[in-house]
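The same chain A turns up in both complexes below, where it pairs with chain B and then with chain C.
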Partner chain A sequence: MTDGDKLLIYIDDKIFAVDAAAVAAVVETERFFMLPMLQSNSFSSPYPPHGGGQGEVGFIKGVITRRGDVVVVVDIGDLFGSPSVQGEGRYKVAVLKKDALCLGIYIGAKGLSFLWEEDLKNLEFKPLTGNYIQGMIDPSGKKIRILDWQRILEETQRLVSGKRP
Partner chain B sequence: MKIKVQIGYKFIIGFILVVSTAAFAPRFVEALDIAVWMKEPLAFLMAILIGLILGSILTRTITKDFRRLTTIANDISSGDLTRPDNIGMNGKILEDESTELAAALNVMLKNLKGLVNHIKDAAGNLFEAAETLNTLVTKGHKTTEDISTGTSKIFEGALEQAGHVENASKTMGEMAKMSDDVSLRATDMAAVAAQTRSSVQKSAAISTSALKKMESILHGVDSTKDMIIGLEEKLNNIPKILDVITHISRQTDLLAINATIEASKAGEHGRGFAIVAEEVRRFADNTKRSVEDVAFIIKDIQAEVERLVNAEAESSAFTKEGREDINKVKESLDEITAFTSEVADKAENILALTQKQKQGGETAVSLIEQIAHIARDSVSATEEVDTVVDGHKASIEEVLASAKKLSGFADDLKRVVARFKLEQGDVEILPENEPQALEMAERGV
Partner chain C sequence: MDTSQYKTLFLQEAEEHLKGISEELLKLENEPHAPSGIDNLFRHFHSIKGMAASMGYEAMAGFSHQLEDLLDAVRKKKIPLSQESIDVILSGTDILQTFTRLIAEDKPLDMDTSRLLSRIKTILTQEEPPSEAVDRHPVAVSFTKNLVGNAHPTTDAASAPKLGLPTTMKVDSKVFDNFMESVGELFTVRSRMKEVVANSFPVEFQETTHQLGRIIEDLYYSVITARMIPFEDLTQNLPRLIRDMCKKKGKNAELIIDGSDVKLDRAVLEHITDPLVHIIRNAVDHGIETPEERAQQGKPAKGRITVAIARQRDNIIIEITDDGRGIDINKVKEKALQSGIPEEKIKGMADKDALLLVCLPGLTLAKEITETSGRGVGMDVVKANIEAIGGRLEISSVINKGTKIILELPVTISIVKVLLVSLGAELFAFPISKVLKVLDINKSDIKNHGNKSPDKFIRGQAYFVYNDTETPVVDLRSILSVPCLVEKDPISVVIIDAKDKISGIIVDDFEGEIDAYIKPLAQPMTRMRGVIGVTVLGDGRPVFLLDPAAIVI
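And now, the complex of A and B:
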């Protein structure tokens, strides 16, 4: 789990990390589009919204398009009970890609940084069994949660497809 | 033929006749047939009787004329001059002193008649003259009293006039002094007015210069306003530029992130590029923060410029009002300059007039002093006239008293003369105080 460089995402007072190799790009967008199914009353989410914008459903912020691909953008702040800080104007999204599937992670105002593999090797990895978190590293007292973004992607896909858990 | 025998001789002749007759008495008695013893006393008695009878007859004869003349003299002395002035002794054979006395009485009576007539006429004329004099003197006294009253009034008037003239002199002196003061003040005022005019003209020149400078300042303010507006417009353009810079920095940051990600995918080989990309990100981040700082500063500047614009707008209003005020001040200064020039001219005129007034006042003081001198002389002269009039009045009073006395004398004289009756029909009128008047007339009082 400590292989490769990590992209650190700062949400509120929490730090999340994803594999940098999985990041297709970091893009900016002016707005999110909402899928009609997400706006339907029949859609039910186990994750209550945390005060998102109009049309937000649970931790899904909406969708964007990148090079023809539809990317579902999630707010991991909502997912982990730490609302992200809204930026001004444009939204920054880290697009993760696995095969043909893409997941957008909404990045708050605090922005991004990187943790290099060389530094990770010297850190202790603590595996966690909670939802969407693979484990935790703790450099200099800063708890960095390594996201299991593929499960988030799956959950998102499930939610988008309207399948019941 | 008249024979003049003196009375003494007549007495001697009579005496001799008496004595001779008495000497024949004894012989006559002897012839009588009476007792002897009775003859001597009878003869004596007879002698005495004859002597008395003869003596009496003789005396009567001798003194008859004198008694008559005495009666006439008494009548004359009592003022009865009615008797004709031909007292006659024509029946007398032997003239004596009584004849001469009668002649003298005739002359005296005649003269006395003439004298009394003359005195009567004179007394009448004197009385009339005394009455006239008395009337005239009374009138003169009245006139003198009037003159005295008039001179007293003139004197009082002269005194009052002298007092008034004195007061007028003092007043004129004070006025002259005041004229001096006024002249001095007018001189000072003229000097001050001239100085004021000079100062005001200087002030006007300075103010005009200040106005021109103020106009330049106002023009500068207007230019500053345009510059501020230009600056505000340029400052308003800066946020757009900053937005562009921010956008560029964001894009740079994004590109750097993506570059870092791509470098990370390159593994060990991309590590250097990742570091460079990270530096680029940091640079973009710094740029972003700088832009934010600049944006803050620009906002502050914009706020300041906004305040400056507002202040300038306010200042522009003030400037406009200031320009109007300056124009008013200029107009006021022009008016003040004109007024001060007029005041200075008038002050000079006043000075000239006050100097003329001063000269006139000095002349008036001199004239008033002359008048006061004349008034004092007039008072003295009036006083002298009053004294003279008083003396004249006293003299007139004395003359009046004398006239009254003279009138009294004339009256007395008339009364005295009135006692002399020249005709039979004349009536003697004697007042009650006749005796005293006569006595006074006789004593010449």
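And now, the complex of A and C:
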């Protein structure tokens, strides 16, 4: 699990990492578009409504477009109980892609940071189950959680289809 | 039967078989003792014969049959693979090539093949060869000579072999999907361009934009025509499906297909493949009775399942009818009640709405779970598949008379004329085919039944009078959990006709009509309720195409 370079995402005081190989692009955007999730009497989101932008539901920030494709963007801060505060300006989104699967991870306005494979080689990987985390590495006392982004995508799919987790 | 529509396909396939024959002859040159070579040649001639016969090209079929006989005799070692046999095969191939050319040119197939047929007859009447007596190598050398054009074998073919390219091509459907995507995006950009230039550009530029638009339209129709395939391509395996199911269930049913030449966009056919199979399986499994039961009902022993397809303007209507036992509507209601649907809701339902309860996930009327149905998994997926492409499903049924399921589908799901509406800074779209009218009405014209909360539009209670009829109205903002615009008056309402019900949807504003290339939703959005697809405008804004029926339900 420590194979390959990692893109680091800083949310509040937590650090997350995703495989850089899965990152198709990091795009900047000024706004997120609404993902139209129809509310009905029989459906209510299992997640609290987001306090941020219009149309945000649960940990979904909305959608962006990239080369004619629509990408759903999630805020992992919301997913892990550290909601990010969105001010004005341009924001970065890491677009993760594997075959037909695609998901945007909100990075915010912070700069990009990487952990290179050679730095990871000597680090111990502690596997963790559940909570969309594959495991953890601990370089110099910094706990870095490696995201299982495909599980986050599955959870996103459940949320947008109105199914309870 | 009119087979002219299959001519292109026939020529394409025949070309491939003739090419295969040439390849096999080349292989035989390298491996003269390989038995598979003769088998493969036999199969190619056999296929050409079958195809020609089914197309009504009797002369070609008869001629291929003679060549097939010759190869069969070689295959069964009744005659040797002599130089004479090879010459005849090659000459025969040339003649078949000429037949295909005449067919392509719509000319009569009146070729004199008697000389070659007589040579075949002579070879076939030869005595059986002594075992292992055939020296094939010299024969193989002459294949090459003939194939490269230095033909020396005597032939009565109408023409010597010529280099030529086929007039038809087999192309991977993905190529057309990519074409469609590019053309679709051009369409969307054109719509926005037209809008922009209408306001701020000189007439010359507007004319050029108009001309560009026409070219894009021509391109679109060419691509869409290439993607259209007859309904028959989908139904050709249905008779076998029914036969096999009937055999298992001890039933007897015939399938009648009406309108199989109607053409649909391949993307639509892909969406309805599974639903159609499921509906047919249900018809055999639950609809059609056993011959004994049918006799008791005074019905013919053989049940009848009809699949009728017809085009109605921009829609395709598919009706699947069986003359079986029908659906017990009271039983449906009972099951729906057990599954948690409120009794008052069920009581207030019209029969056609109550019958649609069979599409509830997990609801099944089957007494037993069978290999093919009865788990309550299926009709919900059928309905979802149909609605996912902006279609509609309707069920009618009469006990002991049968069931009719009607699927209303768009002919194509790629380019859709849509009405753009805004909600704050967001744009959404409705299919124009479902929009009756757009109008601005005074806020005070919207009432709630029972005079509750006059300042709010309560879902299920809000209405206004349209065409002298109380018409339910819903606010798109509340449906999408967006705070309502309290101050807006008058209010913009889209009048839609969904599920045979006229309703109004309140939006912030109307933003015009465009021809939009609608892409299917990708993961993780694939199962979003009430969203048919999405288009991306030239400026990068995504516009989701909403299903009005899901909004007003």
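Rule of thumb we're sticking to: the second predicted complex is superposed on the first by the 149 of 165 C-alpha atoms of A that agree within 3 Å, B and C clash if a C-alpha of one lies under 4 Å from a C-alpha of the other, contacts with A are read in each partner's own complex, and residues count from 1 in each chain.
Here is the rule we go by: a residue touches a chain if its C-beta (ideal position, glycine included) is under 8 Å from a C-beta of that chain, and two chains touch if they have at least 3 such contacts.
Just so we're clear, the structure is a prediction, and the values are computed from it rather than from any experiment.
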| item | value |
| --- | --- |
| Superposition on chain A - do chain B and chain C clash or fit | fit |
| Partner chain in contact with A:114 - chain B first, chain C second, else both or neither | first |
| Computed vertex angle (chain A) for partners chain B and chain C, CA, steps of 10° | 130 |
| First, second, both or neither for A:12, with chain B first and chain C second | neither |
| Partner chain in contact with A:35 - chain B first, chain C second, else both or neither | second |
| Which superposed partner A:162 touches (first chain B, second chain C, both, neither) | second |
| Partner chain in contact with A:23 - chain B first, chain C second, else both or neither | first |
| Of chain B and chain C, the chain that contacts the larger number of chain A residues | C |
| Chain B versus chain C as contact partner of A:63, first or second or both or neither | second |
| Partner chain(s) touched by A:100 [first = chain B, second = chain C, both, neither] | second |
| Chain B and chain C, minimum CA distance [Å, superposed model] | 18 |
| Interfacial residue positions of chain A with respect to chain C in the complex | 31, 33-40, 43, 49, 54-55, 57, 63, 65, 68-70, 72, 100-103, 153-154, 156-157, 160-162 |
| List of chain A residues in touch with chain B within their complex | 4-5, 7, 20-21, 23, 25-28, 90, 92, 112, 114, 116 |
| Chain A-facing residues of chain C, complex | 185, 423-426, 428, 478-482, 519, 521-531, 534, 536, 540-542, 544, 546, 550-551, 553 |
| Chain B residues within the chain A interface of the complex | 250, 254, 257-258, 260-261, 264-265, 271, 274, 278 |
